[in-house]
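Next up: the structures, one after another.
Both complexes shown next keep chain A, but they swap its partner, so chain B is in the first and chain C is in the second.
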Partner chain A sequence: MTPLEVAVHVPDGFLDAPTSVTTGVAAAAVVGASLVRAARHELDDRTAPLAGLVAVFVFAAQMVNFPVGAGTSGHLLGAALAAVLVGPATATLCLTVVLAVQAFLFADGGVTALGTNVLLMGTVAVWVGYLVARGVLALLPRRPASIPAAAACGALVSVPVAALAFVGLYALGGAAPIPLDQLAGAMVGWHVLIGIGEAVITFLAVSSIVAARPDLVHAARGRLPELTLKTPEPVA
Partner chain B sequence: MGSGPGEHLHVEGDTVLHALPPHVKLVGLVAFVLGVVAVPSHAHRVLAALLALAVGLVLLTRVPARHVLPRLAVETPFAVFAVVLPFVAVGPRVALGPVSVSQAGLTAAVALLLKGTTGVLAAVTFAVTTRPRDLVRALQHLRLPDPLVLIASFMVRYVDVVADQLRRMRVARASRGFSARSVRAWPVLAAGTGALFIRSYERGERVHLAMVSRGWSGRLPVTAPLEASPRDWLLGLTPALVAAGCAVAATMAT
Partner chain C sequence: MSTTTPTPRVSTRRLLLVGLAVSLLIAGVVSFYASGHPDGLEYVAHSLGFGDAATSSPTAGSPLADYGVSGVSNARLSGGLAGVIGAVVTGALVLGLVLLVRRRGPRDRGRA
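Moving on to the complex of A and B:
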């Protein structure tokens, strides 16, 4: 089985040095803002182990191969899934750590492209996925069943938008002059397909989590029926 | 499996590179690759020389080639892109055998392959000589914000535990006659992913409670501070200085 690796881990040399440094600085700013936001809204200093285990989960979930057919398989990127499950700022932090560990300990994704990858996967994909999911959730009826559907929409949109962001960075500091409209067309077309797979997997995974532990799903906060304590009448 | 925690790159050893303090190696790695990326794309000979330097660094670690070579497979999607690049790029065209390709695209494709391979080899050199735990210590020493250091430390500590859980789930599925062959397997695999999230999260809750009961204050204590001598820094930054020199010289030459 050949894993169909997708363009998620930009390697070294794809973007020139000034662009790499700029994206690194921008990524550092985003991570700084996420630290502040996560501390304020999503995590407290007690819950670092939880964020760590969520990062491990994202890393492990990317290793589950989903067969596509003809001997190929794809895997989850997990940005939108993480955003829906634990909130966008925590998801940014978790994906940043996952990408850094992959770059430094597994030589997967360029070291100088770490900033680029954090911007694309950890910021654009996470926030687009989260905002789309929130928007869809506002339109759907307030039922637990709406949450997986909203998460799937977020996942569907997040992948091609991240690909489009990559095209934007390539336009700024790409290695060779490629007609940008063609590059954008090819990247978006291909990543819409990946996004459909991502949406289906995200829908199924979030469905199973909402069924078992809806209280763990960040996007479900305030949308679950209040738990009421029912005490049966004593039998006389 | 693309990359798995079962395939940790780190190999114990007693070479010079193993002995360098991890934060020196980390800074040296980033600076070296940044220098390589800064070399102009048309300076292919310079890039080839830096690739040779990276190969030399990998050889210096004394790990078997079969341990390192599979890692180069991470480049495959970009190698495909590099092969396509000369045909789709614009600009003056040159004949390459029977076909005509874009000059700029060809130059960029060769540079991309050289830079990408150099980057992977440099990262492999770091990964095989540095324990995951030491990466976390290096990040802490380099003043990365505490929450990120904590997330990274939990990640390297529990990645094998969660991967084992994933493996047990796979064995459980297989022993019940499941085999993932087509899209019809997706609901099962995705439900497994959901279960993995719940189990990871609950493990996080248990770990947190166990830490609190042992006096967790919210900060990782530094038990053995990292130290580096000027000689360590010189050694660790030598490849980076060479790459920076090459980048400056190649830029000046144009």
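Moving on to the complex of A and C:
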């Protein structure tokens, strides 16, 4: 198989070297900041294991391309899913590890493009998904059941916005000159469809975790009734 | 779906075991049925004529390249094994990372 047949992420060669170096540096800075933020605000003894599970699930789900019509497919990014469940900075760390494992072990997504992919999927999609989910959550009733719906909205928006961010990078350092409006239109069009699949999977996955352990869900912090806070840890 | 009682109903251990089992099932078995069509980016790249700019990854020679285990000829087994290996490696790396950077002790937010 050629890399293109399985690569979903930006492969090497789509962006020129200066752009790839720049995105690499920017991605490294984002990962560093995320380490600090995750340690200070998101991760503790109780929530750390969920981050491991989220990363495993995102890796697994990214292997399963679903058809979106006319000979095209897409797969879960998992950015909004991870951000809602474990917090945006931890989500960036999870996505970065997933992308690095894919690039180095599986030749999926370029190695020089790793920084680009960390920025697009691990940063833009994560924060857009998270902020949209938080915004929607503020409008919905303060119930656990609101969280999956808000996460699905974040997921739906995160995919086309990440695709648009790719168009932005391509405008800066694209390999071949092509009309940017065509590129933007095609990318957004397909990625809205992929975003619908993303929303469905995110809704189901977040629903399961919220049903089982709402107390571990990052986006639920401060939004659950008092009774969640009764004991430190129910069962080890 | 829980709408009224947000109290934890499942132990962390059970949640992790079930979640891990589901993930390994997806990576190891369901992945075989993934759509082989080009994804959104590839499709757009080819239809707009910059798909050929993609260069082969420097890790294309990896024994796990393209989600197969080199030397295992059965496609179902090869892909499934690659998926399980990837999921386990990913989980181990993230778990190691978060355990390194997490705050020790219970969260100090009014739930001492």
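By definition in this document, the second predicted complex is superposed on the first by the 195 of 236 C-alpha atoms of A that agree within 3 Å, B and C clash if a C-alpha of one lies under 4 Å from a C-alpha of the other, contacts with A are read in each partner's own complex, and residues count from 1 in each chain.
In this text, a contact is a pair of C-beta atoms (placed from the backbone, for glycine too) under 8 Å apart; a residue touches a chain by one contact, two chains touch by 3 or more.
Keep in mind that what you see is a predicted model, and the values were worked out from it rather than measured.
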Check your understanding: Does chain B (first) or chain C (second) touch A:21, or do both, or does neither?
Key -> first
Check your understanding: Which of the two partners, first being chain B and second being chain C, lies in contact with A:224: first, second, both, or neither?
Key -> second
Practice item. Report for A:11: first if it touches chain B alone, second if chain C alone, otherwise both or neither. Key: both
Practice item. For A:105, decide between first (touching chain B), second (touching chain C), both and neither. Key: both
**Study point:** Partner chain in contact with A:187 - chain B first, chain C second, else both or neither
**Key:** second
Check your understanding: Which partner does A:143 contact after superposing on A: first (chain B), second (chain C), both, neither?
Key -> second
Practice item. Check whether A:76 is in contact with chain B, with chain C, with both or with neither, and answer first, second, both or neither. Key: first
Review point. Which holds for A:31: it touches chain B only (first), chain C only (second), both, or neither?
Key: first
Review point. Looking at chain A, which of its residues have contacts with both chain B and chain C?
Key: 3, 5-7, 9, 11-14, 35, 38-39, 43, 45-57, 59-61, 63-68, 73, 75, 93-94, 97-98, 101-111, 175-176, 178-179, 182-183, 207, 209, 212-213, 216
Review point. Can you name the residues of chain B that touch chain A in the complex?
Key: 1-5, 7-10, 26, 29-30, 33-34, 36-38, 41, 71, 74-78, 81, 85, 88-91, 102, 104-105, 107-109, 111-112, 114-116, 118-120, 122-124, 126-127, 130, 132, 135, 145, 147-148, 150-159, 161-163, 165-166, 180-183, 185-187, 189-198, 200-201, 203-205, 207-208, 211-212, 218, 247
Point to revise | Of all residues in chain A, those that touch chain C in their complex | key: 1-14, 35, 38-40, 43-57, 59-61, 63-68, 71-75, 90, 93-94, 97-98, 101-111, 143-145, 148, 163, 166, 174-176, 178-179, 182-183, 186-187, 190-191, 193-194, 207, 209-216, 220-221, 224-225, 227-230, 232-236
**Study point:** List of chain A residues in touch with chain B within their complex
**Key:** 3, 5-7, 9, 11-17, 20-21, 31-32, 35, 38-39, 43, 45-57, 59-69, 73, 75-76, 85, 93-94, 96-98, 100-112, 175-179, 182-183, 200-201, 203-209, 212-213, 216
**Study point:** chain A partner contacts - residues on chain C that touch it in the complex
**Key:** 1-3, 5-16, 19-20, 22-24, 26-27, 30-31, 33-45, 47-51, 53-60, 62, 64-67, 82-83, 85-91, 93-95, 97-99, 101-107, 109-112
